[in-house]
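Two complexes are shown next, each including chain A; its partner changes from chain B in the first to chain C in the second.
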Partner chain A sequence: MGIRRRQYWGWIFVLPAVLFFALFSYFPMISSFVASFHAKDILSLKAPKFIGLQNYIYIFTSQDFLNSIKATLIFAVGCFIPLVSVSLVIATIVVSLRRFPKIQNVFKMIYYSPAIVSGVVSATIWLLIFDPRGLANQFINFLANNPTPVDFKWLALPAMARLSTIIIYFWKYVGYFVIIYFAGLVSIPTSLYEVAEIDGASAWKKFWRITIPLLMPTIEFVLIVAFVQCVRTFSIQYVFVQSGSPREAINVVSLNIYTTALQYHSLGRATAMSVSLFCFILIFTVVQLRIYRSERVSYV
Partner chain B sequence: MKPLSVLLACVLLLAGATLALAGAGQEEAAGPVNLVYWTHEDPNRTQLEEKLIAEFQSQNPNITVERETSPSGPIREKILTAFAVQKAPDIFNIGAEEEWQYITGERVAPVDLEAIGYSSYKALQNDYLPVTFNGASYDGKIYGLPLEITNWCIYINNKYYREVGLDPATDYPRTWEQMVAVAEKLTIREGEVIKRRGFDFRYPYYLIFWVPMANQLGGTVLSSDGKSAVVDSAAWIKLLQYMADFGPNGRNLGAPTYTNARKTFNRDDNSIAMCISGLYQYDRIKAENEAFLPDVSIVPYPRFKDAVSDNGAAVYGHYYMVNASSSPAAQKAAWKLNMYFCSHVEEFLDQIGLTIPSKKLLKTAVYKNKKFADVFIDDMATANFVMTHESGPQIQDVLSEMVQGVMLTKVPPAEAARRGKEKIDDILRQ
Partner chain C sequence: MVTVAVLILFAVAILVPIAFMLISSVKHPLDVFEFPFRWIPRRLHFYNYLQAVAGNDQKYYFFRNTFNSLFMAGSIMCLNVLMASAAGYGLTKFRFKGRQVVFVLILTTMMIPFETIMIPLLMLTIRLRIQDTYMGLIFPIMLTAFAVFLMRQSILTVPDDYIDSARIDGAGELRIFFRIIFPSVRPTAVTLAILVFREAWDNLIWPLIVVQSEKYKTLPLYIIRFLDEKYTNEAALMAVAVLATIPMFVLFFTFSRYFIGEGILTGAKG
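So, the complex of A and B:
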């Protein structure tokens, strides 16, 4: 069988996946991009009207969208830093339990289980915890030994609503990143640590000189995925707003896109917001990839 | 097999399948009619409507009906999304304040008079109280048949009243000022944490419970020509101040972040003493917690002490509506089914507490013997119909931000009113 003929077969096998992606990923993306230059009411049967850059001009001069960018960045930074750092610490501890594989597996399961719960379910569970009569108030009042219970207004005050959404997101995703770090950590050859030990290296030195440099590809992946996930957050904020929390503080871009499309019916503006968010994530990812590519190390 | 032949075979198979599906569609149009009906959850109504659907299907063997329910919040989004992608059901219902956009957007069909056995819209209107079709009449046509026409009053847990030395028959709040005082007496706190709310509002439904409070003080949402918002008037600022005083940064009596008062009220679990709801709530309590019924009383919607308008909560309706994109046969069958539902007014009132206000109903023993129906009907006499506007849901969203601003984030009432006006004006400009 000639190389050319084998290439044909290759194309045939790849074709379903290409068609699937073209239909369900690229087509909606291109269609969203086109829609962002049109005025279109989601409920109207009238054809969309081309309005050039007006949707973009509107959103970037609207206080509402600028507030959403602020809310998204506060949430992303507030979540991203603890997520990537704490999950690394936990993963290191879990890896150190090598000699107790059963206990290690239990810990992995405990940390990972919230990740499989849907965002809406997680938020609903936490709403009960953050209720004025819920566990959060009781716990803090117990720790602070308050003589009369204080209501910390987890859902009502803007700063507390932000903090509450960050706590839920952290709880939900920390285990996911623990597992990714865990996979990266166990792939580092133990011989390197043994050699370092013979050379008298301390645990701290081994962590900074062996673990971190060799874990860089995993860290790079975690940083990008964690940030992108944080920026795209939606369900927790949605549930909070549906439950009466002040929208302004937690009106992240994804929630604003949803509100603009489904409550305000403005599909054009919503897609302009989506395209802007996509561009931001794309630029951020490219910049991060460039930064980390120069820092890769190999001891092989 | 040659790769080219494989590709050709795939294309032929796909084309064959497409043609077969198209043929099936044509056959279906000429044959039996299958109706899809989406509605909000109400276990009592589900029982009754399913019984009526079974009867209707046996009388019309060529029609089958698929009834699907969703929670009352998400169903609004579900229907909107379905209409956006042309996958909407044949029949649906949502609140009048939400339905208006479907009427003005020509997404629902006018009532098919022939299918329901009427000669004119006037003849249809004559069989019902005048308020009945307010939320479904547009441009000389009627776009829905009433599933319920409702107004809200105040539900009281008599047990908690007596517990704090109040008599539910005489000490109930007639004014909003009294409401604060009575709620304060009924509220139980531990430090700052509320253990039992005396009363709380029905927050997401601002057009129904809150705009009427502004109306009492002389406020309206829009100017008389409907071109601009007037939610920054003195009446609105006074109302916003009232909400701020009620909320967690004021007297700490309740807030939008607490569990829905109407839901917890039914449980009689010492978490709420008074709530806002319609007559249907009484039958829901009966279904969920019958032992609690003797301790429930219902009183009219309060007015402000210095009210300039004597209106209660807004009257609103849910209408059976028909998708204008459904096939003509499906539309005809849908109106026939809707009329079948509407012809059972007594069962709707007796079994589930929903009022389809036909003149026939008012003469029946069921209506005369229905406990507390008179409280609602009397209050309805001076009530305004809920604001019907194509941007109603968006305006409601802005009102919600205004209330949250003053109650939760300490925005001064005048500032919240100014921001609200700006946002509603922006909506009206679009």
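So, the complex of A and C:
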């Protein structure tokens, strides 16, 4: 069989994927970019009109989009910090139960279980928990031992709506990151800890001097995935707004793109927002990768 | 053992909402918001489940929408694994011009979040006249660069000798792909399949924008509609939630090692 024939087969195997990405990734990306410089109503048949940077000027001077950026950042940072830190602590403890692999597995399965529940279902469950008559109020009032129950308005107050969405997201994804950290932690050779123990190192010191440096590749991965994932949030906010929570506080960028395009029919502004979101995520990924690569530690 | 206490406390906190869903789904609608909340229902009320599948309009769209979810997630899963493996095979075991360029171009799409192209994708599906159809639901999200990357990495480890000896024996390229490559990367393919199925099952945003008619709606959209109807009773809402979660729990308990096993450093999407 000749080389030429084999080249030809290589292309045949790759072709479906190439066609897919050309049609469903690159073409929409380019048309998003092009559309962001035009004025166009999604429903009208009129040809799009070139208006230069006006869509960008509009969205970056309107309160609406700036507020979305703020809402997204508050949500992303608010989720990201507890997600990446709590899951690390939990995973470290689970790993320390090395002698009981069955118990480790039970804990891992429990922590992971909310990730199985879909985004819409999670939001729905928590809507009832955050109801004025719901579990959340009952629980906090019980803890605080309030003589007269207080309604914390989990869904109605803007700040509380933000907190509530963060709690749901944290609940849903914390186990996922526990699993990832766990996989990274078990790959650290136990002999390193044994040597440190002989030298009399404390648990605290072992954590900072052995665990963290050797876990760096996993931590990098988690930081990037967690942040980008938080920035892209949609389902929980959609369900909240749909059931009457104040839109402004939780109007994250992806929700704003959806509303701008499908309720206000403004293709130009929606795509200008899309391109901005794309640039933000791109810069973030690149910058973060560069920062962390320079500090990579190897003990081998 | 303070640390184990922490683990147990955390586990309880994680399980409370799931327990709340299960228990509320069999409570009488008037008892969902009782004070204080009873973890053991006073009376069982399975009628909620009937209401959940009948819907508030008594049209039983639940079954059609469940089928749609299964069909969509199943099709995407098969197409994704098949196309990603084929591409992975083509990219690793053949030397053709432009191979590196193709790989880099595919990987680059990992940097394109779905939210940034969903509106043009919708316009494209409208132009292709597949909006509000199964094709529109499935095709635009049937492959990801991550899948290609994963399968490529896995196929790289298949020894060339296997392929060469099969070729000498006169096996065709398709035969080699299905009989040699595919079986050797089965664990990765299963991991990918589960990941893809779950993501498709969970997907709200794409069905939300591409589908309008009830007969093509998926389960997340069914739940949203149930939620929107203000006279919905909350116990029935939790019954819908339970029903929508059962398939995933079955998958989770059957294949738990693919979900929580080691070496699963897989990318996920919100």
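Here is the rule we use: the second predicted complex is superposed on the first by the 287 of 300 C-alpha atoms of A that agree within 3 Å, B and C clash if a C-alpha of one lies under 4 Å from a C-alpha of the other, contacts with A are read in each partner's own complex, and residues count from 1 in each chain.
In this text, contacts are C-beta pairs under 8 Å (C-beta built on N, C-alpha and C of every residue); 3 or more make two chains touch, one makes a residue touch a chain.
Computed from a predicted model, the values in this text were never measured in an experiment.
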Touched partner set for A:156, first chain B, second chain C, both or neither: first
First (chain B), second (chain C), both or neither touched by A:133: both
Which superposed partner A:242 touches (first chain B, second chain C, both, neither): both
First (chain B), second (chain C), both or neither touched by A:264: first
Contacts of A:12 with chain B and chain C, given as first, second, both or neither: both
Contacts of A:85 with chain B and chain C, given as first, second, both or neither: neither
Chain B versus chain C as contact partner of A:202, first or second or both or neither: neither
Chain B versus chain C as contact partner of A:176, first or second or both or neither: second
Per-residue touch tally on chain A - higher for chain B or for chain C: C
Which superposed partner A:119 touches (first chain B, second chain C, both, neither): second
Residues of chain A at both interfaces, chain B in one complex, chain C in the other: 8-9, 11-12, 42, 131, 133, 242-243, 262, 267
In the complex, chain A residues that touch chain C: 1, 3, 6-18, 20-21, 23-29, 31-32, 35, 42, 90, 93-94, 96-97, 105, 107-114, 116-122, 124-129, 131, 133-135, 138, 171, 174-176, 179-180, 182-184, 186-187, 218, 221, 225, 228-230, 232-235, 238-239, 242-243, 253-254, 257-258, 261-262, 267, 270-271, 274-275, 277-278, 281-282, 285
Residues on chain A engaged by chain B in the complex (per definition of touch): 5, 8-9, 11-12, 41-45, 131-133, 137, 141, 146, 148-151, 153, 155-158, 242-249, 259, 262-267
Residues of chain C that touch chain A when the two form their complex: 3-4, 6-7, 10-11, 14-18, 20-21, 24, 32-33, 35-37, 83-84, 86-87, 89-91, 93-97, 99, 102, 105-106, 109, 111-124, 139-143, 145, 148, 167, 173, 177, 198, 201-202, 204-205, 208-209, 219-220, 223-224, 227-228, 234, 237-238, 241, 244-245, 248-249, 251-252, 256, 259-260, 262-265, 267-270
Complex contacts: residues of chain B adjacent to chain A: 3-4, 6-7, 73, 77, 80-81, 83-84, 101-102, 105-107, 190-195, 203, 248, 255-259, 393-394, 397, 401, 404-405, 408-409, 427, 430
